[in-house]
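Naming follows writing order (A, B, C and D), and every chain is counted from residue 1.
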Amino acid sequence: MNASVLMIALPLLAAFLLPLTGPLARWVGPFAAALNIALGISLWQTVAQEGPSVVVMGGFAAPLGIVFRVDTLAVLFATALAALVLILWPRTSADPRRESALLLILLAAGCGLAFSGDLFNLFVFYELIAVASYGLVAASRERLAAAAGLRYLVLSALGSAFALLGIGLVYALAGTLNLADLSRHADALNSPLGLAAFALMLLGFGVKAELFPVNAWVAEVYSTATARTTALLAGGVSKLALLIVLHLVLLVYAQPAALSLLLTLGLLSIVSGQFAGYRAADLPRMLAYSSIAQLGMIAAAFSVSGEAGVLAGLALALHHLIVKPALFLVGDGWPKCVDSLAGLGRAEPWRAALFVLLALSLLGIPPLPGFWAKLLLLKALLGMGEPAWNLAAAVVLLGTAIEGAYLLRVLQTLFRGTTNAKPATFGGALPAGVLGVALLLVMLAATPVGGALQRAAQQAADVPAYVADTLGGSPQ
Amino acid sequence: MLTSRPRWPALLFILGLALLLTALLRDLHFGNAPMQVGQAINGVAAHETGAANVVASVLLAYRGLDTLGELAILFAAATGAGLVLGIAFRNGNGEAQAKTNTEPPAGFILRKGADLMFPFLLILGAYVILHGHLTPGGGFQGGAILAAAFFVPQLARPSSPFNERTAHWVEALAGASFVLIGIAGLAGAGWFLAPLLGTGSVGELLSAGSIPLLQLAIGLKVGSELAGLMIALHGPKET
Amino acid sequence: MNDLDLLLLVSIGTTAVLFAFGTWRWAGALGTLLYALQLALLAVMRPELPLASGIGFEVLGYRLQWSLSGLGWFFAIITVASALFSAWFAAGEWGQHRRNLRLLHGGLALNVTAMLILLASDDLISLFIGWELVSWASYLAMVQRGGPAMDAAYRYLVYALAGALAVLVAIAMIAAQSPALDFGSVRVWFASAGNGTIWTVMLLTMAGFGVKMGLLPLHLWQPAAYSESPGPIAAFLGAISSRMGLFAIIVVLAQLIGLERLGNLPVAFSFWNANEFWAWLAALTLIVPTFIALTQNDARMLLAWHGIGQGGYMLLGILIATPLGVSGGLMHVINYACYQAALFLAVTAVAHRTGTTDLDHLGGLINRMPLTYVTMLFCIIGLAGLPPMNGFVSKWMIYKALLDAQMPLLFVAAVIGTLGTILSVYKLIHNTFLGQLRLEHAQVNEVPISMWLPMILLALIVFITGWMPGLFLDLVDEAVVAIGITQLPHHLGGVDLGNGGLDMLWIVGVLLAAIGIGAIVYFLGNRSVRVGQFDNYAGGQILTADVPYQYSHQFYAGLLRVIQPWMRGGMAWGERALVSGADFLGGAMSGLYRAAPAGAYLLLAVLAALAVTLL
Amino acid sequence: MIMAWVALACVVTMLVAGVLVLTQRKLIGAIAAASVVSVALSVLLVVLRAPDVALAEAAVGAGLSSVLLALAVRRVGAVDSKEDT
């Protein structure tokens, strides 16, 4: 179980020591990421055998100290992030040492975000991710990226301030910040003020989770930052921000008003993202808008109380984590304008085929994994049996139809006509290929993967067990 | 010189924020917050950690991981700043933009003042860091003072040497030692960042387990990091 | 490994082989052989029906399984046979002077595989998987010619995707309430579900499956998409692709919900029930497209519009829910597949020789391409539903069933549809083969045997099964039983009914005798002189061949003046309105993001959230 | 009682300095005003008996961040003035 702490400590250690490693510097990062994957796998086995458990920092039991909750969900996210970081590790960079350090910090913070069971600790790791990602965004050598990064920074800082305000309110109302402890005192937060705190946190964390009104940075940043950074932000970071929201609604804010708020923001994200994507003229922007909508779907899934919602959101999140980075990477190096893609399907058939595969999975075409995720989402939404959630299913339907219209337009353009352009060197070939193969493997192994996700969702949704594990079973 | 138009949107923003906070505070009852965790810690902190300064015990024992995270935030911010500053933007006019140094050279008083301040700042920083577990203060504050101690001479004499290499070494080793102390706790007591070395007697300089060590690590890291950052910002652009 | 597994394996193998060797000269012939093998396998497994496959998966607690019922088997026979004739035709001269047929042959085989997977599905998820496979496979078949074909296929796919999502929502709805999704459990669930729930599920699934079937108002994509595909593919798609929609609709309405339940399901605020509702939609589907077909000037478009209309007959027949009606509707599927495939092939043959399918630029080809003419003649008689062709039998059964079931208004609607069909198919054959031969076509020759043989064979099937409908009724029985309807008593010549049946042996006999008498009179009493096609006189003047004196465009101008006000394209207008709406919303949303006063959004959002939560 | 007056003075100073931050035309002036806010805040924190936080605010808020901002403005300002000419 202590491997969970090492998954944070070791990348941080590597990041701190990076300036001293000299010629080894370029190997330290990938090595640390690989080590994290290995730790994650070992944790996976432990959790599978012994069930979820709690790690106490410094031996100070909850709620006084910080605790880590190690369950399947957390291990899954931490390992997936490590794998994504490893796959997306930049091969060339203007300033490899600094960029590696930021990536390692992002990796450590992401793992912390996955494991932590303390609201303030979650905020610290969230902030750490935010700071690391500013640097990565601005590292793109485009002047536009610097401008976009600055706007991202301002908005994100503002969002963090609001999230912090919300956390402060929670502390003022409930007197504790441990999630399990908060779950016991959820009544104290069941007031307008408590709900306001939730709204503040939702909007604050929503900046990274690309939720509707606070996501205006997304298209700009994703279309100017390097493809690998974009892939990391869209694929990994956004999910982790939503993971905080999931913890909140599962453990603390299981009240209908909070769920409705989350659902509303999710639906607005879907509608606004898909329609904006429909009008987007360049590929990265289109993918960015699609990413907004996809995250809206995950938010909508998390707004369903109970195991069904967690399962659907988890499936959607992991699917998006594989597909969207790969799509950004495939599109990297192609002309940005969609109309200029004409004929590339013939010039670079394999790359175009990969794009088609990923786009189809994103749309939820069976038997690709995206289909199962979408089915779970619809089932969860309709299973609530309430008008707002039924409407949500209709919105998802509409959104996906719109998404289909614009993604198909890209596919159509790819295979229309011919181009004189020489096939560019495909920088993202390896990572995109790996992600594509991963997608196919998930499709073939749908049965075991589905079982694992079900276990993860079941563990995550078992709130009484969570509270008992954290507060009851540990030394006081 | 940089000027700007009146920030009416910003004022509006502030007004909105004020409205918002009023709305929040209307419902919040001050003075009787349920301080469950706070009171529990007040009761047991000195006994459990051996630190006379409860704040330090919270920062470095109960919430040591948060502090490690904050240290990493500072590191990430400095790294990000270095990344941005160190890169000449492609989309410019190409040639490295030479810094136009328009300030007058520092005068005699400033130079002498800086020379005098240096040891005092150094000692003050060290004191604040090392007594963090006893009195208000600690690694972050002391680190900031240390950074100032090294930056002030630079301000007075831009040409005076600052050994960036050493600073890098100090920074890296200090940061690493924080994590290593944590891992040592893991290996020794079974918990990450578990207190080592025993609590000692409350109020002594050598007490409170590993808290002073952590303070030292933080102070050195913050100090070297910020000094490096400030000097980099002040000095000519890297190429 | 039973016969079904073997069939699926052979089918997948066919796809792989044809994609691998698609550029080979004999790929078409190879495909034909492989389809013949599949057909043989289907024939062999007939006694074993329903046959469950050994393949199955369990994902997320849902069991995915495949099993071929009589209904699926019936459609599978048509599918593989259509593919066989299409591949055969493409293997002939038509294909040999085209360079790269990899996509054509591979796409065709992929379509067959996908359809077999769909037809063998035994739970809702495998049904949906098969459905999507079919959608994308037919997209692959449609886009091959590029250009306008891609636009048509794009339109199709957007419809299909939206429809599939509607189906997915319906499946999710069932999944949220029913313990399992195999057809047996779903049938039980439907039996206990309330009327409102059933209506929701039914509307969603019909919206989805109706897209492929071309059920009004979801038909707009179909004509362009089918007619823009390469000839043999158009024949295949026209013959069977839309029928996959019908198959899925039968599964939902007849097998899962049950036709009796449909009759007891009231339409809110009216004296209708669900059965009548869908029957009238089917009637609308059979009338409107048929009259739109009348106005078409392109042979392939005309046929494609008919394809939509004929689907209406099939659905109507099945919704009558009597053995006669259901058998008639299902028999119409197989009859229609025969003549629609043959007609598309005939039009392709004409296009192969003349280079056009524009009805305003053809004419008088009867002497130049007699075999193609015979094919088209046989098949349009079938399409119009006149004796002695097989289309007559199925239509007669539907009419008779409508009258027996006391549905006179629907009967009138069906007859109006038939009238429209007769008028428009006459336009087709007249403008292609009769009238004035165009000068530029004076040297046109009949297509070679490699192309006419499959066409003529299909035409012969149309005639023989019209003469001996018992051949097809035998196959239909399998499907009828699978739906749960009692078998219709029939014999080789037709149908036995208590109050007088249909015996085509007699009817065809009488008809042939009458034609024989006519022929004798014509040949023995003939005193006319045969002249060349370009030897023309009018008003005492010699007309040279380059003067167009016979106007084939603006056919039925008088009729169209009468019905034109009814055909303003309301549904096309609706589609455009949807697209503009999406454009508008897209513009608004992307403007919202582009303006990007991000901080202001955040503050406003926070204020709004606080206002909502605190006040 | 005296503490309450000190606290009030601090709050008023912070408010005035805060408005000054927004209304200053020169960025360097705004930064100076911002550091005044920080100084007043750290005094306020002492009054509120939170010396640890006060020390941090004084060292980081009033000292370091002002210096960093000033350095950044100087650097950016140099670039900008060059573009103006």
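In this text, a contact is a pair of C-beta atoms (placed from the backbone, for glycine too) under 8 Å apart; a residue touches a chain by one contact, two chains touch by 3 or more.
Keep in mind that what you see is a predicted model, and the values were worked out from it rather than measured.
Put simply, the chain closest to the centre of the protein, by Cα centroids, is A. By count of C-beta pairs in contact, B-D exceeds the other of the chain pairs B-D and B-C.
Using mean Cα coordinates as chain centres, the one most removed from chain D is C. Averaged C-alpha coordinates put the centre of chain C at 77 Å from the centre of chain D.
A straight line joining the Cα centres of chain A and chain D is 37 Å long. Taking each chain's centre as the average of its CA atoms, chain B and chain D sit 17 Å apart. Centre-to-centre, using mean CA coordinates, chain B is 74 Å away from chain C. Across the assembly, chain C contributes residues 599, 606, 610, 614 that each touch 2 or more other chains. Taken residue by residue, chain B touches two or more other chains at 23-24, 27, whereas all remaining positions touch fewer.
Within chain D, not a single residue touches two or more of the remaining chains.
Of all possible chain pairings, those that touch are A-B, A-C, B-C, B-D.
Within the complex formed with chain D, the chain B residues making contact are 1-4, 6-7, 10-11, 14, 53, 55-56, 85, 97, 99-100, 102, 128, 136-138, 140-142, 144-145, 147-148, 151, 226, 229-230, 233-234. In the complex of the two chains, the chain B residues touching chain A come out as 23-24, 27-28, 33-38, 40-41, 44, 48, 61-66, 68-70, 72-73, 75-77, 79-84, 86-87, 89-92, 168-169, 171-173, 175-176, 179-180, 182-183, 185-186, 189-195, 221. Of all residues in chain C, those touching chain A in their complex are 57-61, 125, 128-129, 132-133, 136, 143, 146, 150, 154, 157-158, 161-162, 165-166, 168-169, 171-173, 175-176, 582-583, 585-590, 592-594, 596-599, 601-602, 604-606, 609-610, 612-614. Across the interface of their complex, chain C is touched by residues 9, 13, 16-17, 19-20, 23-24, 26-27 of chain B.
Residues 2, 5-6, 8-9, 12-13, 15-20, 55-60, 63-66, 94-95, 98-99, 101-102, 105, 108-109, 112, 120-121, 124-125, 127-128, 131-132, 134-136, 138-139, 141-144, 146, 165, 169, 171-178, 181, 185, 188, 191-193, 196 of chain A are the ones that touch chain B when the two sit in their complex.
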